[in-house]
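In structure tokens below, several structures.
Okay, so subunit A shows up in both of these, paired with subunit B first and subunit C after.
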Partner chain A sequence: MSTDKGTLLLQAEGLKLRFGGIIAADGINLSLYKGEHLAIIGPNGAGKTTFLNICTGYLKPDAGKVTLNGREITGRPPRSITRMGVARAFQIPQLFTGHTVLENMLLAASVRERHWGLLRNLMRIPERAEMEHLLDMVGCADVRDRLASELPEGKRKLVDIAVALALKPEVLLMDEPTSGVATADKFGVMETLMKALREAGVSSVFVEHDMEMVGLYATRVAVWAQGIIQMTGEPKTVLNDPDVIRNVIGSGEHA
Partner chain B sequence: MDIILLALLDGIAYAALLFLVAVGLTLIFGVLGILNIAHGSLYAIGAYVTATIGTWLVANGYNPWLTFPALIVSAILVGVILGGLIERLLLSRIYTKEPILQLLITFAVFMILENLQRMIWGVQPYFLDTPLTLLGNVSLAGVNYTLYQVAFLPLAAIAVLVFLRYFLRHTTMGAQILAVTEDREAASSIGINATWVYFVTFVIGASFAALGGALATPTTSLVTGMGANMIVLSFAVAATAGLGQIEGAAVSALMIGIARSFAVYLAPEIEVVMPYLIMVLVLLVRPNGLFGKETVRKI
Partner chain C sequence: MSKGLIAAIVALIVLALVPVGAPSTVVFFTLCLAKSLAVLGILVLIRADQVSFGHAMYFAIGAYTAAYITAEFRNIDIMLVILAAAISSLIAGLLVGLFVTRYRGIFFGMINLAFSMVLYSGLEKAFHITGGSDGLRIRRPTLMGMEFKRAEFDLVIFYVTLAMVALCFWLVWRYLRSPLGQALGALKTNETRLEYLGLSARRVLLTGYVISAVLCGLGGVLLGTVQGLATPEHAFWSRSAELVFIAVLGGPGHVAGALSGTVIFEAVRTFAAAVLDDSWQLILGITLIVIILWAPGGLVELWKRVFLRKGKTGEEVQK
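What follows is the complex of A and B.
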């Protein structure tokens, strides 16, 4: 589907989900176009992470659907959504700690390419050069042979993104991509990360509490509160909106 | 002196079989988190199928050396078909249930298979010593011993250990298994099919039990109850090592195998309790087993 905004990639229509008495989503409509980096902002506990969990198949909505390139993905298991092109980076990187950085990358590539001979050597799959290039792109070539458990937080975040990119996704969903990274390194990590996404041609949706980060890196912003999208628009419009300043930015919840 | 050497050789040969069965049990527990009581039946049925195929080959005038590949083929057949059916039809439905229910279900499978085995092969003992006689005897420091037990069995156990290490550490499938073991959700978020990984792991573990049975066939007569005996022993081996510990299972299989065989020669009255004595002593000092780590489950 093409509109004036470009090609529609990911679309949520009328998503509703409640946990007991808590309404996380009460009719969410949200679209992501190719090449966009959409930031979702809003108060804590508003349901932003829930949205990422619905898009990746870990939660099923009570109503509504999510489509990728027009194909419905709601109701499919997480691994098949991954295969369709939606990758996920968690707030806490989910690298496999017993493996090295490169092995984590090769594992993702081997799953993507369905290499699974019982005796197929992981280090010798043909995607190795591609994976080393990806690590280079996120500035992590130096930690290639370190165990994932030994990495400093900033590197772990970047390697986690590289693993997600190894899956050749169309969309990357990120939950506070720089949380846990030392303040001094946050912008450096985000800069590297966004550069890698642009180079790989991957669009993204990211949940973010740091408004400076949103202003610098989002191409569009969506404000999520009370279970609905209150407004979407360009960062400078949304971040300067008096209601948004009062209800979201001014609420002091951003770390 | 002869007795000591004989006990040692007996012990090593027996330890090789114990290891094959225990390593399958421990692999399945390490990855799937299920203690599979029916593992003993897979051992027994592996043995019976081997004896049946081997006897048929010999009776129909085929080259007796074909009984060697028959050992392997029988193990794989039992592991893939019977193991595969158990995993698909039963275990795959209970992975999220409480451990006690899982234990009861695998125990039920064990009871069913024990009776099935009695229905198919009856209660009279089976023999197939062709592989044993083909390899002949060697003389070691004046003691005559079969080459099958002194060399073939230990080599087979070492080959399995080396294969498993290589498989889990260096292959694409092994990396997927370790990933699912560490974090099933994270594994599926990179597209790994955890259902398939569980199936493959179970079939491999089941095949090792069947291989233990197949390789035991030439050295022992097959009788009912051999599966029950083996599941208890291989559990003792796995628990002594620490459940989920692969190299550890090799060490504790050697300890238990050799200690049991010395008991046979020197103090036959304690032979039966010897493996459990070792297990209890080890677990008193190290409750997670010789190589087990607290709370961390890793294969």
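What follows is the complex of A and C.
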């Protein structure tokens, strides 16, 4: 599907989901085009993470659908959606804590390339050099042989994203990619990250609370509040909108 | 050559020389080797942090397969008996596995136990098919067309078992290093990420489960053939628990734990019982407590600490 904005990758249409009395999504329409880095902002508890959970199949919406490249993915399990090209990085990094950083990456590469030979050595798969390069790209080459459980929070976050990138996804969904990273390092980390995404040609959706980060790295911003998308547009326009400033940015949001 | 490989070759040579050096212990070692295969199966599942308290059912399936096939086909080759047991335990492991791999932890352990006890009762009650609590006789198979007398056969089955152990331990060692084998450990620490890599955690566990079932089946067919008997006792829950006990004793962190654990376990049981009745439970119980408290990596870890002068690795094993 092509429009003036380019190729449509991921599209949510009329998503509705409520948890008991709380309405997380009340008719969400949101699209991601190829090459975009879409930031989702909004008050805490607005349902931003729920959106990522629906897009990856972790939650099923009450109504509406999500399509990837025109194919409906609603109702499929996470592993199936992942295989179709939607990778996810988590707010709390999800790593194999008993394995080293490199082994985490090699496992991801093995799934991608379907290395299911029972006598094959994980450490000798042909993608090893590629994975080492990827770790280098996100600035984690120094912790390659450390156990994932031993990493400082910031590094864990990066490795989590590197694992998602190892799957060579079309779309990467990130939940506050730099939360947990020391404030002084945040921008450096995000810079590295976005560079890695651009190099790999991966489009992304990221939930973010830091408006400075959104202003610097998003190509488009969507404002999520009261279960609907209040506004989408260029960071400059959206972040300067008086309503958005009053309701989202000034609503006690900590950066 | 790595130290591990040298240790494996030395162990193989020493074991191969048992009939020469200590002919009276041949049957004892055959039983140990056969049982260590089943323990190896338990060890595979422990990699995924899952403990089955019902794997003796595959042990029984292996033994009963041998009983049926040797009754049906007189003088059948032992290799065919082993193959048949491998196939029957594989099919059983797949069928039961499809069901039990939905569960984790205590439920996984208990559902396996339930399946094994159903099989146990079935074997006891279906007298006309299974011979009831007396079990079925396993006739002595042949090897490459040769028939053997009792004493000769003890030697034959010893070397056949040793060969199976060498082959299976090598294969499992390779499997545990492979992406699917490593995914067992990944399942233990983060099932969510496994799914988000695009891999079904259930499939990972099912692969490990079927492999462990086949290993127990092989242990059962070999042990049954040595004893010449398949009985419902082979499927009894205390048998399953014993396999888990030995796996923890030997150390789940390395395939060598399965073999060293079994040899120590059987040696204490056989020789301590000769000195003082029922003292073996006491000795093994205390040994296990000591292992869990001070060497959670099991005998393998003690071995490493003493002989290879490696640091404490128990913490790594536990992770």
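Methods note: the second predicted complex is superposed on the first by the 254 of 255 C-alpha atoms of A that agree within 3 Å, B and C clash if a C-alpha of one lies under 4 Å from a C-alpha of the other, contacts with A are read in each partner's own complex, and residues count from 1 in each chain.
What we mean here is this: a residue touches a chain if its C-beta (ideal position, glycine included) is under 8 Å from a C-beta of that chain, and two chains touch if they have at least 3 such contacts.
It should be emphasised that the depicted structure is a prediction, and the values quoted were computed from it without experimental measurement.
Of the two partner chains placed by superposition, subunit B and subunit C are both touched by A:107.
In the superposition on chain A, contact of A:187 is made with neither subunit B nor subunit C. By the touch criterion defined above, A:147 lies against subunit C but remains apart from subunit B after alignment on the C-alpha atoms of chain A. The residues of subunit A shared by its contacts with subunit B and with subunit C are 56, 77-79, 82-83, 87-88, 94, 96-99, 103, 106-108, 110-112, 115-123, 125, 163-164, 167. On the subunit B side of its complex with subunit A, the touching residues are 166-167, 170-176, 178-179, 182-183, 185-194, 298. Looking at the complex, you find that subunit A touches subunit B at residues 56, 58, 77-79, 82-83, 87-88, 90, 94, 96-99, 103, 106-108, 110-112, 115-123, 125, 163-164, 167. Residues 171, 174-175, 177-183, 185-186, 188-190, 192-193, 195-200, 207, 319 of subunit C are the ones touching subunit A in the complex. Listed in rising order, the residues of subunit A touching subunit C in the complex are 56, 77-80, 82-83, 87-88, 94-99, 103, 106-108, 110-112, 115-123, 125, 147, 149, 163-164, 167.
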